[in-house]
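Please see the structure below; I have some questions.
Letters A, B and C mark the chains in the order given here, with residues in each chain numbered from 1 onward.
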């Protein structure tokens, strides 16, 4: 990669973004660690106070006798108390059945949804690599789910999966009321939304395979399966790995879809780790515990991604 | 690998059919929202066939009118638009120079590839890990329920994309053009502003549009950092379920309002998206 | 106008040294060519002079100014790139005037200078077009125009003609020579084509593998190559190299065994070899004579005949099965597999020792 001669200017270009990332990502993460070793209790201090009544221009209002009128003002004060409790939150994580359930839910989701998307994506890419009627138009249509608002998609599928009269009602399947089916529905929605992404990337990769390679192989053997296994698949492998990594990282963050489609239910059947952490922190306001939870999630993701990277480096070396 | 030229007409038909079916499956939910939004509330669950407007029922715009008339809906659209525009601009302002630095300069101690990977790794971070700290920080700064807070956060989340995509764009520009600018008397900033940037402009515009779409769709932080004032469209949608029960027709309209801009952007910037997504993935 | 001096200039990319200590002096207003095979470092050297590459060691002076740390824009040099590097988003006029605009030259003067340059290069009608609408030759003129308006003290050319077709190349060569005569400014020209070097240069610097092999005028390089590399690089078709064995040395007279039965005698002053050593004898194809016998001779068998009309190229195998090239007259009567006798005189002989250096 040819570059310009090094001057101080390069820092002027790079630093704003780098500093921004450090401030808005690294700093909150460090802060989060700090929070996770505390117990944060927020109490509402309610007090009543007799306060003079004022009219619009700020002048005191007088009653018939000329005395200032008062009213009772209710003061609400939020007081947060922070207590350092060391690793208690983390210990709690290990024993909390909700956490176990969330991990299970997220794991099943990731392990089923991501490979399915990949496989479907490859199949569709192979399909679209042929001559087809209205190919460009169809491909453009396929692109749309990726950009549809995930939350909206969740709600949409809620209407579609709705058991009493939705379009799929005739199947008689308890999409949303049965815990196992509910998780499956979430998986289906994710597959719907992200298969097109895999499809696009694989299609581009397929089109990047030099023609001559395919032709040379065809001259040697008629087997279609052989062509796929020996030429196409090996050449796609780097792409597969990268798409896998990207989708894995995104899938673990699962939040919008369960929120909209099932609200985490029925029960906790579709409560993903992100959802649980969110609820704990911003609905139950157990901030310390929620921080510990999300930290755990972060570490899990980091471990998975790092392992992946190592495997990648190894297979390239 | 170009598509096969001489193909059995039967194969062509079968493959085309499968492709059409696939496209229909992937389009159906969007279409369904469209159809539901145009239906009289009473017909929501009783429509026949595929719910094709005019064919299977009489479309009506009442749902749309009712929704858009509410102040909430308008506020939501306004907030979402403002936040998405400014977050994109901020991300571009920060990311484009960084992308240029990573494309055209060498850094000691850390290689450019490592730096780029570092930027990209920000996307691996689950947003929920920063939700609690950001909530507290914004509370402290009195920025809860403000557009500013969401603009800052969203800019942070899309910044890595900007850096990676725009860096590739700059790498694809021939470096001789900037060298010629040097020989013509330009300094680093001059070459960047007058040569590299104008030539990268189409790609940058498309990237900006895509970032707009991502921000528009963002939900987690929106719901965390807002309560009454800064309602964005996703939050507005969540409202239709909580307070009014299962009003699918309203939900459909809101879903459409939510999805139309990003979907339009997807169509507009289509070629560019494919390029961007795949370059990122294929070139690693 | 300025001289250019390089002292002890070295360049390394990471750990690999690609330019190993180059010293050179280019006189004011000279047209100098850096020539050599791909990868010899000629472009790198040019770019170091331009300021587009860092200098690992050594000093570069343009005029009297030490320019090592100066930004390209401050060195007073202008460059024509191999790919022309025209700004695609600007018109020809804006391309040429770009540098002036950056230096805040008043608009009127920019107009004047651009018009002047356009006139010299005959591209006046193209001023409002975009580079994409121009042909290769036209683009090249615009690239040159861009350098002219800057009124630099040194012009730098990086293989400007290699992207043009043969006919255009010949035409542009002449135009560049005329330009040089007109502008009377130092020009440094990089190319891999020895024909361009020979025809255009006042002096040539031949480079190989990061070293300057020889410096001289075109004819000096042709007549007195300092080593086998230069001898083989300059001149087309390439010089013939024969392995000869030293049979006898008497004072300055050397008797050599040619391939086959023949022998010859040469005079040389610096005898740094002994009887029995194998040396290399170099003779250019155009100095081999087939019809008139004179001087020494050598037997060979014709293998391939190429008739160009004005000349005939004959490829023949000598007694050691080495391929020799002979340039003969267009009407030459010769046939395949014919046994021929090749004649040559000693003043056309170049003798090279075991170190490949020329023996004088």
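One rule holds in what follows: a residue touches a chain if its C-beta (ideal position, glycine included) is under 8 Å from a C-beta of that chain, and two chains touch if they have at least 3 such contacts.
Nothing here was measured: the structure is a model prediction, and the numbers come from that model.
When every chain is reduced to the mean of its C-alpha atoms, the one closest to the centre of the whole protein set is B.
The busiest chain interface, judged by C-beta pairs in contact, is A-B. Of all chains, the one whose CA centroid is most distant from that of chain B is C. Centre-to-centre, using mean CA coordinates, chain B is 56 Å away from chain C. Annotation: 63 Å between the Cα-based centres of chain A and chain C. Chain B has its Cα centroid 14 Å from the Cα centroid of chain A. Residues of chain A in contact with two or more other chains: 6.
Residue positions 51-52 of chain C each touch two or more of the other chains. In chain B, the residues touching two or more other chains are 179, 182, 187.
In the complex of the two chains, the chain B residues touching chain A come out as 1-5, 7, 11-12, 15-16, 18-20, 22-23, 25-27, 29-30, 32-33, 36, 44-46, 51, 93-95, 97-98, 100-102, 104-107, 112, 115, 119, 121-137, 152-153, 155-156, 159, 163, 171, 175, 178-179, 182, 187-189, 192, 213, 216-217, 219-220, 223-224, 233-234, 237-238, 240-241, 246, 248, 251-252, 254-255, 258-259, 262-263, 265-267, 270, 273-274, 277-278, 281-282, 284. Every residue of chain A that touches chain C in the complex is listed here, in rising order: 5-6. Partner chain B is touched in their complex by these residues of chain C: 50-52, 71-73, 77-79, 81, 83, 85-89, 98-99, 102-103, 146-147, 150. Chain C meets chain A in the complex at residues 51-54. Residue ranges on chain A touching chain B, taken from their complex, read 1-4, 6-7, 9-14, 16-18, 20-21, 24-25, 28-29, 31-32, 35, 124, 127-135, 138, 140-153, 155-160, 162, 164-167, 192, 195-197, 200-201, 204-211, 213-214, 238-239, 242-243, 246, 249-250, 252-253, 255-256, 259-260, 273-274, 277-278, 281-282, 287, 290-291, 294-295, 297-298, 301-302, 305.
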